[in-house]
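Lettered A, B, C and D in written order, each chain numbered from 1.
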Amino acid sequence: MAELVRFGVSLDKKLLEWFDRLIHSQNYSNRSEAIRDLIRENLVKEEWIKGEEVAGVITLVYNHHQREVVNILTDIQHDFHHLIISTQHIHLDHDNCLEVVVVKGKPKEVEKLAYQMKSTRGVKYSTLNMATTGKGLV
Amino acid sequence: MAELVRFGVSLDKKLLEWFDRLIHSQNYSNRSEAIRDLIRENLVKEEWIKGEEVAGVITLVYNHHQREVVNILTDIQHDFHHLIISTQHIHLDHDNCLEVVVVKGKPKEVEKLAYQMKSTRGVKYSTLNMATTGKGLV
Amino acid sequence: MAELVRFGVSLDKKLLEWFDRLIHSQNYSNRSEAIRDLIRENLVKEEWIKGEEVAGVITLVYNHHQREVVNILTDIQHDFHHLIISTQHIHLDHDNCLEVVVVKGKPKEVEKLAYQMKSTRGVKYSTLNMATTGKGLV
Amino acid sequence: MAELVRFGVSLDKKLLEWFDRLIHSQNYSNRSEAIRDLIRENLVKEEWIKGEEVAGVITLVYNHHQREVVNILTDIQHDFHHLIISTQHIHLDHDNCLEVVVVKGKPKEVEKLAYQMKSTRGVKYSTLNMATTGKGLV
């Protein structure tokens, strides 16, 4: 089980009042939870810089009527199948698809996969979103 | 059908050589495709600033053993069901889940949903990723 | 004088160890200082969203041999003189200048000035960097 | 002298109309200038990743009444004097100073300097802003 510890933060009274207002607007119920999130965000950035195993989310928006785009994206995903955990496909409207590809692996390889899909003709928009395997994050 | 037009870009020869090298490393097969992507990225940013309908991807990493977190996240998602298109759940390991929630709606409402989930105790990491419905994007 | 208060943060022991390692690598001497910085960064973002008075730094890199660029940039800066506190000019090499323009005003106006200079022919690179007047930040 | 070349971009008519509207709102007088800027921004990011010589701008906001902060910042700047081109100091109000430090060097060293100043007690806000020496950028 996780072992909780406690430490004190000293800061200016006015700064704390502003912080309380900010985290209230972001729906936090207490300061510890908000500060844990700030800490964890910085740790996830570090994971991506260090280059060991990360998780990520690649988002693609494309028009499936565009010739060949579905086949090419499928081929690319199979070439990188060892990185891909799963893919979710959404029919946004008659023409547009949004596809979410959840990946796990080294940042460099994940980026390579993301670039290949993004540069495919017919893909209108694509981003790679940093996430974490959660292992190094309590 | 989409109507293609063509326009000329004049630039320094050396700048073009660097650009060619860069887009090659990003797997683009031609300059037009790379430039279309640069243009479209700027248009998606504009969609989010304007505040009309956008699509987005909320990523959550959490430990499902954490008391109540699954129930709370489910409740929140039902409160915002009109924004949520679908949810994909991945079992990263014994403890960690990665959940991808695809949303469509006004940026302000989408952000509110994202904040509510992010601030939930037990959620280790969460991001809201801008995407597009593709409607305003050829 | 600023009035210091103190509050407690509870978190997982391992998370704290990682945080300690991270802030050590970023040269912080104690956790309070690191956490105050995380808080203040979020408050500065808020200042820019709220749209009241902010400070900012516009950076320009340009080739002063490019015809007219110096005159045009000077004209623009005079048009917006009420926003500009001061300008610093650096001769990077025989051709290249780096200019730093410190501004104070409403975000919208500051952005307008930044766009005008950035779009000037001969300006190779330009960014607008969020900062703060410090008034709302203890 | 720079040698100008020209290449053609083909894209959907509607996409071009949106692009024209966007760059007009950003004050560009023609498409080539807007596209050159998009290209150059990507090249500057690359310069920072590659790790060779870059230019940058460190912004600091601090209360000069805070004990010792001025002395410490001066000491740090002297320790890194080989990176620092010049410093500009602005008196924002009775208490607050904004200091802009223009630097040139390897990204790793520049970041080290930026972290040292940012973590100094009394510094309320600090950012490191990527720029370029302009050498590799026509």
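Worth a mention:
Note that in this section contacts are C-beta pairs under 8 Å (C-beta built on N, C-alpha and C of every residue); 3 or more make two chains touch, one makes a residue touch a chain.
The structure displayed is predicted, hence computed values, not measured ones.
Path length between chain B and chain C in the touching-chain graph (shortest route): 2. We define each chain's centre as the mean of its Cα atoms; on that basis chain A and chain C are separated by 26 Å. A separation of 9 Å divides the Cα centre of chain A from that of chain B. Of all residues in chain A, those that touch two or more other chains are 40, 137-138. If touching chains are joined by edges, the resulting network of the protein chains shown is one closed cycle, each chain touching exactly two neighbours.
Across the complex, chain D is touched by residues 23, 26-29, 33-34, 37, 40-41, 44, 55, 57, 59, 61-63, 85-86, 88, 90, 92-93, 95-98, 100, 102, 104, 115-116, 118-119, 121, 124-125, 127, 129-135, 137-138 of chain C.
Those residues of chain A whose C-beta lies close enough to touch chain C in the complex are 2-16, 18-19, 22, 31-32, 35-36, 38-40, 42-43, 46, 136-138.
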